[in-house]
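The two complexes that follow have chain A in common; it is paired with chain B in the first and with chain C in the second.
This part shows the complex of A and B:
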C-alpha cells in the first residue's frame, strides 16, 4: 500500500503520536546541534539535520540510565527496580544508518546467552519510523558498510521527504498497525516516481569505495603494524567519536549512594579514555593512545565481525565530522585494505 | 608567502637535525579545517599548511612527545601556552623550538556553516575573502565577519616568544573590545547568568574534548576521573555538570592563553570561552598579569605578593 503524509498534517500526526505513545525523535538543542530525545510537543521535532550529533541509540541505550535504586531499611537492604515501560514507544526520524546500528548493538544486548532487559524491553516495545536521507553528506559512507541512504532494514515504517509530503511505506506488522492512521492519504503514482528519483539520486551520492569487505582478516595481520604508531598521534583521547558513534556500546556502572540510599547507574564509557582499561592494581594494559586507538578500530572491524558477521560501523561519518582533530576513520580502512607486500602505504585522499 | 617560508624552515630544521619532529598543520578531508601533522623527514615538510583554519592549539601534544626535540608551529596564543607550561616546569628535557607565525585570526567554521545553506564542500581563502562552495551554492564571505570570538578580542597575535618568526609581526589591534559573551553576561542578573550557564552545560556529553584539547589540562589524573576520593559522579545531574565546568575553568585562572581550543573541540557547541575570558580579565585587572606574555613572570595564583590587591577582604 502506497501512502503519504502531507506536511500540513505533520503537526497533528505528531500530536496523535504523543498522546498515544512515548515519542522519540530528533530535536534541536541549539542551532546546528540535534539529539534524539523524548518529545513532549510536536514543534520540538526537527528532521532537518542529516546527521544529528547524538545518534538514535539513545532511545534504547541512553547515555545515563538508572538500573535500580536501593535503600537500607532496618537491618536489611531493599532494591527497587526503576524503569517500567508503561507506554508503547515510537522512534521517528532515525536515518537508515542509525537504525542499522540499533540492530548491531542488539546482537550484543539481545544475545542468546544473555539478554539485557533494559535494551531488549525498549526495543521490543518500539515502532521505528525511518527517514530516508535525501542529502547524504560527503562524510557519509553507509553504502560501503552494507547500508544505504534509503536502506529500509530495521524500519517498521519508512518516510521519504518529497517536499510537500512524506511518502510513507508500511514495512512490518508493527508498521501495518498504522494502516488506518487518519493522516495517511493514498499516494499517487507520481509520488512513487518522485520517491524513486530521490532515492536514486541520494544513493549515487554516497561513497561506496571505502573497503570494509574482509577487513577483519587483514587486521589480523596488522596487530603489531607500525601503522598504529603513527595513526594515533593526533588523537587527543577525548570521547567524541565513541560517544557519538551509533554502534559503540561500552558502558561503566557506578553506584551513586548517599547515606542509606543509592542508585546503580550505567553511563556510556569510551575505550579512548585511559581509565577505561585501568586496573585496580594501577596497571594499564592499554597504556598509550596507540593501544587505545587500535582497540577502537579492532573492535569495530575485527572482533565484532568475527563474533557477529558484520563490521560495527554504519558509515554515518559522525566520528569524522565531530572529531576535534580530524581523525578520519576512512584513512585507517583504506590503509588496512592496501595490498600487503607492495610497499604502498595505502593512499587516502 | 608564509606557507612556503614555513615549509622551507621546517625542511632546514629537520635536515640539520635541530629537531626530531615538527608538529604543524596539514590539509585533510574536511573543508574549513586542517589537521595536526607530525613530520619527521625534510620531504614531509611539504605537507605543512598555514591558513585561517589552523584551529588546534598544538601545544597540547607536547606532553605526548616529551623525549623528542620538537619544533612546534605556534600562533600567538599557542606560544603563550608554551610559556605558561614552561613556568610550570613541564619541559625538563627539551623545551620545544617554537616556529611562530603572526596570526591572521581564525575563521569560525561553525559560524560559516550557519551562514551557508546545505553542506559546505570547499572553502578557500583569498585575501580578506572566503570563497565557499556547496553542492548548489557559491558564496563569497568577508573573513572579518566570521572570526572566532576569542580571535576578535585577541591583542597578542604575534608570537614574540617564538625562536623563529615566519612573516612580519602584525599590528595588535582587536576589532572588538571585549568578548561578546562576557559583555552579554555582565549585563545580566545573577539568575539569568546561571540560566545561561546551565542551558549551555546541559548539552554536555562528558566526552572531555574541552579538557583534552587544552594544553593546560595535563593532570595525570583529572579530578573527574578520580575514584578515591570520588569528587564527582559520572552521570548527568545538573550539579555534576556545573561542577565539572566550573572547576575546569577555575583551574585555568592565570594559566589560560585564551586560545579557545576548548570551545572549538566541543561537538555540542557549548560556549565555554566566556568563563575563561572573564577569569583572564579579572586576573589582568587585579594583578596586571596576562598568561605567557612575560617569560619569567610567575602566575599570580602560584605566588604571594604583599602588594596584591586585597579589596575582597572587607
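This part shows the complex of A and C:
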C-alpha cells in the first residue's frame, strides 16, 4: 500500500498526534539551536533542518533525567522510581543517522545482563517516524558508517519529502497501526517514482569514502601510537562533540536534595572532561588530553565494535560542524587507516 | 522490568572504627526485607553500591564472606561526600545498597590449587572475604595451602586485627603480617611487602596469586611474582575506578572494551597486559 500525507494536512495530522500521544519532533528553539522536544502546538515542528543541533537520543535519554524521588533524605527515605511514562510516544522527523544511533545505544542500555529501564520503557512505547534526507550536508558521511540518507532501519514509518506531500511507508507492526490514519491518502505511482529519484540523488551526495571498515583492527595496533600525541593538541576539551553525538551515552548520577525532599538524577557526561575519571584520592587514570581523546575515538571505533560488532558512529557530522577548533573526525579516520611504510610517520593536520 | 538503579534497604546493625587514624570504619548491614536477603547471592570479590539518599552513591567491595549469613560488611575509607556520610551514620539507620555487582574472584579456577594472597593497607577488604570463605570448614578443602602476606604502614592501620590474631593461631593458613615501621608493642615483621614476598618465596607451582593494594605496592611486588615464575594468567588483582552505575551503562570505568564494574573488578594480568593502561 503506497500512502502519502499532503502538506496541507500536516497541521491537522500533527494535532491528531498531539491529542493521542506525547509527540517528540524537531523544533527551532532559537537561531542555530534545534532540538527534539515534546511538542505542544503543531507550528513548533520544523521538519526542514537536515541535521538538528541536538540529536534525537534526547527523546529516550534526556540530558537530565530524574531516576527516583524520595520524601525524606538520610536514613528513612523511600525511593520512588520514575521509569513509568504516562503516554505512548511518537518520535517524528528523526533522520536515519539518529535512528541508527538509538539502536547503538540500545545495545548497551538494553543488554541482557542489566536493562536500563528508563531508556527501555521509552523505547518500547515509542513509534518512530523517520524522515529521509533530501539534502545531506557536506559533513554527512552516514554511507561510510553502514547507513545512508534513506536508511529505513529502526523506523516504524518513513516519510520522504516530495515537495507537495510526504511519501509515507509503513514498515513495522507499530507502523501498520497508522494504516487507517485519515490524513494518509493513497499515493500515485508517480509519487513512488519521485521518491526513488529523490532517494537516488541524495544517496549520491553522501561521502562513501571515509575508511571505517577495518578501523577496529588498525586501532588495535595504535593504542600507544604517537598519533594520540598529535590528535589532542588542538582539542580544548569542551566536550561539545560528545554532548551532540547521537551515540554518546555516558552519564553521571548525583543526588539533589533540599529540605529533606530529594531525587537522584542522571546527566549526560563527557569522557573529555578531566573530572570524568578523576578519583577521590587525586589519581586520574586519564590525566591528559592524550588519554581522553584516545578514549573518545577508541570507544567509537575499537571498544564498541569489539563488544557489538559495528562502529559507534553514524556519520551525522555534528562533531565536525560544531567543534570550535575544527577537529574533523574524518581526517583522523583517514590518517589512522592510511598505509604507511616503515619509518614514515605521516602527517596529521 | 526490574530497575537495577533502585537501592534495596539495609539496616546498619553495627559500626566499628578499624584503624588508629580513624579513617576506616566497618559497617555491618542487615537486610530490611527477607525477600532481598533470599535473593542476594555473592562470591568473594564482588562489590555493592552503597547509597545515602541526599548524599549519593559509591562502590565498595564486600568485606564479609558468603558464609556469614544475614548480613554484609563493608569497610569504608573516609575520603569524600558519601564516605564521610557513611562514617557519621548511626547504628539502626537505613542505608541503600545495589548489588552484588562485578565478577568476583575466579573461585572455579582456584579450586584444588594453592592460594597466595598479598594485601596492602585498606585494600584488604575483599581479600578478607576470600580468606574467610576458604577458612570455613565447608570450603577449606576447595583450595590447598593458603599463604597470606598482609602489610600496612603501621600496626594501627592493619584491618580486622582480632581476626588476624585468630588466623595466626590456625595451622591451615600461613599468615605473615608486616608493617613499614613498628611501635613498642609490635612483635611482628618490619619490612615492605615486596621484600617479604621475596624472602618467603612461596612456590608458584599450581598456585594462584591474588594481589590488592596501593599502586606503589603492586608496582614493586609484581616483578617479584614474575621472578617466582608466576605466569600472568595466574596473577589476579581487583581494580578500582571511578564508577557510577555499576552495571556497564554510564561508561565511566572502562579499560579498553571492558568495564571494571561488570567485566571486573577482578582481572588477571594476562587480561590487563592486552588493555590500555587506563587505570
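Observations, loosely collected:
By definition in this document, the second predicted complex is superposed on the first by the 334 of 349 C-alpha atoms of A that agree within 3 Å, B and C clash if a C-alpha of one lies under 4 Å from a C-alpha of the other, contacts with A are read in each partner's own complex, and residues count from 1 in each chain.
FYI, a residue touches a chain if its C-beta (ideal position, glycine included) is under 8 Å from a C-beta of that chain, and two chains touch if they have at least 3 such contacts.
From a predicted model like this one, the values you see are computed outputs, not experimental measurements.
Look at A:213: by the touch rule set out above, it reaches neither chain B nor chain C. Of the two partner chains, both chain B and chain C are touched by A:252. More residues of chain A lie in touch with C than with the remaining chain of the pair chain B and chain C. Of the two partner chains placed around the shared chain by superposition, neither chain B nor chain C is touched by A:40. Look at A:277: by the touch rule set out above, it reaches chain C but stays clear of chain B. When the two structures are aligned on the shared chain, A:20 is found in touch with neither chain B nor chain C.
Contacts of A:286 after superposition on the shared chain: chain C is touched, whereas chain B is not.
Of the two partner chains placed around the shared chain by superposition, chain B is the only one that A:32 touches, whereas chain C remains out of contact.
Touch criterion not met for A:193: it reaches neither chain B nor chain C. Note: residues 252, 254 of chain A belong to the chain B contact set and to the chain C contact set alike, using the contact criterion stated above. Residues 29-33, 50, 53-54, 63-64, 135, 137-139, 230, 233-234, 236-240, 243-244, 252, 254, 256, 265, 267, 270, 273, 275, 289, 320-322, 324-326, 328, 330, 349 of chain A are the ones that touch chain B when the two sit in their complex. Of all residues in chain B, only 28-30, 33-38, 56, 60-61, 64, 110, 113-114, 118-119, 121, 135, 202-203, 205-209, 211-213, 225, 233-236, 264-265, 267-269 touch chain A in the complex they form.
On chain C, the positions that touch chain A within their shared complex are 1-7, 52-57, 79-80, 83, 89-90, 93-96, 215, 240-242, 244-245, 247-252, 254, 256-257, 262, 276, 278-279. Those residues of chain A lying in contact with chain C across their complex are 67-68, 70, 72-77, 79, 81, 83, 108-109, 111, 113-118, 120-121, 223, 249-255, 257, 262, 264, 266, 269, 271, 276-281, 283, 285-286, 291, 294-295, 298-299, 302-304, 306-307.
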